[in-house]
Structures are given as structure tokens and as C-alpha cells.
């Protein structure tokens, strides 16, 4: 019985999330739309200027290592934290 | 044929993945399945981001002479970060699960709550 | 049992996989790839060694201390390159201002390459570390 | 080279560099990890004091990482609120590292100490990064850094159940971070930008309420999980009570505050201009959930027998006070909420340090066994009493002032919220007085047997005394923080 109620609640929560997000998606700019704001505001600068400014033809690398290099430092720190986290719980004594 | 599909199909697909992952995380009793759910769940975001950056007729974002329209490179950088975060989380969660199994001799979340 | 086929293929394959990984790291600035992807490829080659020859073999080839040193040094090089930018009078992680006898774009290119290599070193050690620790943890008892 | 320009980034990078160095030098000598951690946290604390003065002068300090101007690169934006909280994080983080010196050997084997100190620096650095950043995606990355370190620090002890607590924390909190990333995607899709300042300028021009509001709701849900708001609090009691005490301090006093801070940042800075008319839609459920959190957290805390579990439930209640102040969105309530962040951080840190000290010296976790502690550990129990009275809201201590502001703000909105605050304070009186009554007045059952040492070591006494004095001092000199907070609130509400 409790499982039944739990299942119904889970489905209700998921349906709510799905419904709200589907409504959001329906109102989004169309997929692959050339005029979406995402292609208009910041990205053109990366496309036109990145080779001059960073000397790197690969724009993803230019963004990753130069324009948003601080994010990559954070990313490195995340995986470093993951590694240290794994170290920290290995070799526990068995009770 | 492809014109019959709704235009925002990739976004819907990512939401479907999100719901599947979330469902698995909440209802599955095996901890490993929960982590699989978590992986599906975080992959849904990556699909969403990468679909978002695509533009019609866009070339891969590597400077080539004569090409003016590339797909948006920023989401690619974000996705890379997302993948790395998911890697760190998954590896930590798996080693946690191994240790939980050693300590409690079960991976059933309902039995584990009773402990 | 001695899995001859697997071990032979591994022995032949591993150098090529590692070379390919290094290629991906080095070519990060000009083609798809970069430190993360290449680092994962090199790390996986060592995972292949661990699978074919046993965990101990991989452990002796790249032992715990080496992996930690690679990890920490990779991260420190990244942060250090950032701090060089400050020392040269620019912002953190600003490369163009570093006083080297090249054009700013060239210095940028060089530094992005260095950063990619640092990330690659970090990731290759870390991926192997994650695998070995998880595998050993599962192996200890039962 | 003018270093003063670079304080914001140095503050963060020093902690990260310390974290990278700790395992490296730990290979060589395990004893060196503690000095590195103390040094890096001390330097960052000093830098954050200096930064606070510079922020008070200029209102907003920004730093362009990599020299790229904002929408293209990452910008660090330090306004009075983030600078103020960064000081709190730096000081309490430093004290937690100092407290670990003697305590850590008690719960964690020496082999793992490099990892422990590295993770401590990572968690503090991640929180500092989240406070300083002016970029939405960078906020996600920093959130992930302190979360992963947090999961590991919960699991690091040998205690039974720590793994399970960590796993539950991981599962729920990573739903939160994924939601944060999702809504970052939504907002990026709408505006094409990731910079908070830029987004807040662009959002009013955009007519797409569905995407925008679902992005906002997802962000708030994500950060509400991080800050353990009422229906999403289930991970907190286990994780915070099982972690080693210095880690409980960091998690309970600081990490959940970063969630609340991020909600403030998102609602008031990113969506500030857009929401001037429509915050009610999201603010109303948030304020009711916060009120429920106050009542439920306090009620559960009364029935706990384990001291650290009781404090953990009390944290759920107090995050409710803070978010109630945030969601009511008036000058008074916001001032009260932010002031309460300070008071709860100081008070709860002091209480968890006291609990850690008690566990260290006597091994007692059960409240019923506290009889006679007042004579065995007089300083610790006095500090406990001061910090508890601050959290209850007894007048001389600083908690009274923040609850006073909160109450005034709540009364303007709806008298029910005022009633909730009063009832919550009453309930917190019940559970804190229970502890104090047993410790001070209950007869001693057995002669004291297994007590370690004549007094606590200095490294454990110092954090406790400093925090207790601070809890009292900010109650008497409440002008000092309040003027600062009012400056921060004016800036937040000016949008």
C-alpha cells in the first residue's frame, strides 16, 4: 500500500516536471534556428575573432583554455576533488 | 518524413531522458541502478546543451577559410565540463557503493534504510 | 590460464593507443580534441594493461606516488600559468601579456598548448587512478 | 604589478593551490599537510578582510579573468553581500582547519589526512568561488566543487553509516546540480549570455515567460536542495551528524548558506529587473516552505537524543528563517535574513565545535549523558550556552537582533509569519534548554571516568572561544554588521 502511494506520488511529481518543461520547450526558439538569440549575442565574437585573438583555430579549445579558462581550472579542480575523494574512502577497515 | 516530426524534437528527447533518469533514481531499489539513473539524468542536460548550440548549415567550430557559419562553440565547452563533472561524480559514487556493499552486504536501498 | 591472444594484442596495441592519445593532446588547438580527451585515451591504454596483465602490473608501471605527482603537478602547472599572467602585469590566466619574443597570438597559442598538456597529464593519471582504486576496492575481500 | 587588484582571484586560487600541494607534499611527510592548510586558509582570510574594505569603498569590485571583458570572458563580481559572506566563510573555514589539528586523529586515520586537508581547502575554495563569481556557469562549476568535496568529507570517517549518509547526500544533491545546469541552459538559450550582469540587462527585453520562469524555478529548486529547504531536507540530518565535527561546522554553518546566497543572487541580481512585479508568484510558495521548515525542523530537533543530530535539525529550521527573510523581499526582512546568515553561521559553528570537543574529551554523544559536563568542561559549556542563546534569540546575543529584523519584516507581510518565527524561537528554546539543564543542573550519576586530558588543547579551545565572543559581540555592536548588510540590501533591491 505504501509503495502504491509512493509510486503515485513519484509519477505525479515526474508528470509535473515533464509538463512544465514541455511547455517551456514548446515556447523555445526552434531547433537549429539561425536567428535564435543564442547565435546572436556572444557567439559571433568567438567565431569571428577567436583566431586573431588567441591564435587557435579550434574555437572550442579557444573558449575552454582562454576565454573561459577559469571555468576549466574549476573543471580540473572538480575532477581533482573526485580523485582525492576516491583516495579518501579507499582502504577502509572492515568492521 | 522528417518534416512531420515536431521541430523541437531534440529538446523533447532530452526531457524524456531527464524523466527516465529521475524515475530510475527515485524508484529503483538497487543503488547501482540509481547511479545509472543519475548518469542518464545528467546526460539529458548534455543533449540539451549540444542541441541548443546547433544551427542550420553550421560547420564544426574549427576555423576554416571561406566558411562563415559555424555551430555555436560555447555549448561544446559547457558540455565538456558537464562530462567531466559526471565522470567525477560517477566514479566517486561507484566506489562508495563498493564500500557500502562491503559494510552492509546488500545494495537494496529499502533494506539499507532499515539498518 | 594465460590469455595469450589478449596479452599479445595489448602489448602491440598499447604504444599506438598512447601515441594516439598524445596526438590528440598535442593537436588540441587545431583539431577536435584537447587535454581532457587525449588524457582519457592515454589513461585507458593503461586500463587495458591492467585488464590484460592484472592490476599489479599496471600498479608497477604507474604506481600510486607517480600518479599523485602527475595529478598535482598538472593542476599546479595550470594554476601557475595563470599566476604568471598576474606576475607579468596582466590578469589571472591572461596569456598575451607574458613577455616572450613572439606575437601575442603566438604566445596565446603556446600557452593554450601548455595548458592542454598539463590537463592531459593530470587526466591520464587520474583516470587510471580512479579505475585502479575502484578495481582494487572491489577485489580485496570475498 | 599592483597586487591589490588581484585579491579576489588570489583568495580563491591560493586555496586551490594549497589543495593541489597537500597530497603532493603529503607523500613526503604527512605532518606537513596541516601547516599548508592553515597557511592557505589564513592568507585567504586576510585577503578577504582587505577585500571587504575595498568593497565598502567602491560598492562593487569586478575582476575580468583572463582580461576578457564580461560577456565574453568570466567576470568576478564582488558586491558587499558576497564580500561579507566571503569573510564569514574564510574565518570559520580557518577555525575549522585549526580545530582539526587535534581532533582529526580521533576520527580519521593518519593515512587519509592529506586527502582530508586537501578536501577541506577545496570545499572552502569552492564556496569562495561560488560567492565571488559573476558568471552563471561558473557558479555551477564552483557549486560542484564544494559539493563533491562535501560528499567525500561526509564519507571520510570510519563510522558506521557514513557511507550511506554520503550516498544519499550525493544522490539528492546531484539532482540539484543537474537542475542548475539545465536552467543555466534555459537562460543561455534565451539571452545568449552567461554573465549575470548581462543577463539581468537582457531579460527585461525578452518576452518568453514560460522558458524564463521554468528556468528560474529549476534554479531555485536546485539551490533549495543545496540549502536543504524543508521538503528537500532529507539528506541533511544524516550527513551533518555523521561527518567529523569540523566538517559538520563547514557543512552546517557555511555550505547550506551558499545555497541560500545563490538563491538571493539569482533572484535579486539575475532576475532582479524582470521580477520587480512578479516575485510573488515564486516568493509565496518559497515563504510557506520556509515557514514549514522552521516548524518541522524545530519540532524534530526536540525529539533527538544525539547532540549532533539535534544541531543538524536545528540547521533545517534556521535555513528556514533565512529563506523566509529572502522570500518576503522587503528591506527589513532581507536585512534580517542576511544578518541571520551571519548569526547562524557563528552560533552553529560554535555549537558544532562544542559538540566535537565534548565527543573528543568524553566520547559522549547522547544528550541524556551530559550530566556534570558543566564542571568538567566549563569553558565549552559556557560557549555552548552563549551560542545556543544566540540561536534562540535571547536579547544580549546577536541572534535576537536578526530575529527582530526578521519579525518586523514578517509582520509587514503577514502576521502568520511573525507567529511562525515566535513559535520557532520558543521550540528552539525547548531543545537548547534541555541540553543546558542536563549539563548544568542534573545530578552526576557516576564519577567521571574516561576523560582525556586536563583541558582541551589550545587548537580546539580557541575556535570555540572566538566564536562565542563573536556571537555576543555582534549582539552588542549590531551597528557594525547591520550598516554593512543595509548597504548590501540597498544594492540588491535597487534593481
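Each chain carries a letter (A, B, C and D) given by its place in the written order, and its residues are counted from 1.
The definition used in the following text is that contacts are C-beta pairs under 8 Å (C-beta built on N, C-alpha and C of every residue); 3 or more make two chains touch, one makes a residue touch a chain.
Just so you know, these numbers come straight off a predicted model, no measurement behind them.
Colleague: When I count C-beta pairs in contact, which pair ends up with more: C-D or A-B?
Modeller: A-B
Colleague: Nearest whole angstrom, what separates the Cα centre of chain C from the Cα centre of chain D?
Modeller: Result: the chain centres lie 35 Å from each other.
Colleague: How far is the middle of chain A from the middle of chain B, if each middle is the mean of its Cα atoms, in Å?
Modeller: For chain A versus chain B, the centre distance works out to 9 Å.
Colleague: So the centre of each chain is just the mean of its C-alpha atoms; given that, what is the distance between chain A and chain C in Å?
Modeller: From the centre of chain A to the centre of chain C is 23 Å.
Colleague: Just give me the whole-number Å value for how far the CA centre of chain B lies from that of chain D.
Modeller: The separation of the two C-alpha centroids amounts to 29 Å.
Colleague: Considering chain C alone, which of its residues make contact with at least two other chains?
Modeller: In chain C, the residues touching two or more other chains are 30-32, 71, 75, 79, 82, 92-93, 95, 130, 133-134, 137, 141.
Colleague: Touching two or more other chains, which residues of chain B qualify?
Modeller: Counting only residues that touch two or more other chains, chain B contributes 18, 22, 52, 62, 74, 80-81, 84-85, 88-89, 91-92, 95-96, 99, 102-103.
Colleague: Where in chain A do residues touch two or more of the other chains?
Modeller: Residues 21, 26, 28, 36, 38-39, 42-43, 46, 57-58, 60, 62, 64, 66, 68-75, 77-83, 85-87, 89-92, 94-95.
Colleague: Does the chain-touch network form a line, ring, star, complete graph or other?
Modeller: complete
Colleague: Going by the contact rule at the top, pick out the chain C residues touching chain B in the complex.
Modeller: 30-32, 36, 130, 133-134, 137-138, 140-141
Colleague: Residue numbers of chain A touching chain C in their complex, please.
Modeller: Residue positions touching the partner: 52-58, 60-62, 64-66, 69-70, 72-73, 76-77, 79-80, 82-83, 86-87, 90-91, 94.
Colleague: Which stretch or stretches of chain D touch chain B in the complex?
Modeller: Residue positions touching the partner: 137, 141, 144, 148, 151-152, 155, 160-161, 163-164, 166-167, 170-171, 174-175, 177-178, 181-182, 184-185, 188-189, 194.
Colleague: Under the stated contact criterion, what part of chain D meets chain A in this complex?
Modeller: Listed in rising order, the residues of chain D that touch chain A are 13, 16, 19-20, 23, 65-66, 68, 71-74, 109, 111-112, 115-116, 118-119, 122, 125-126, 129, 135, 137-138, 141-142, 144-145, 148-149, 151-153, 155-156, 158, 160, 163, 186, 188-194, 202, 206, 208, 210-211, 214-215, 217.
Colleague: Contact residues on chain B for chain C in the complex?
Modeller: Checking each residue of chain B against chain C gives 60, 62, 80, 83-84, 91, 94-95, 98-99, 102.
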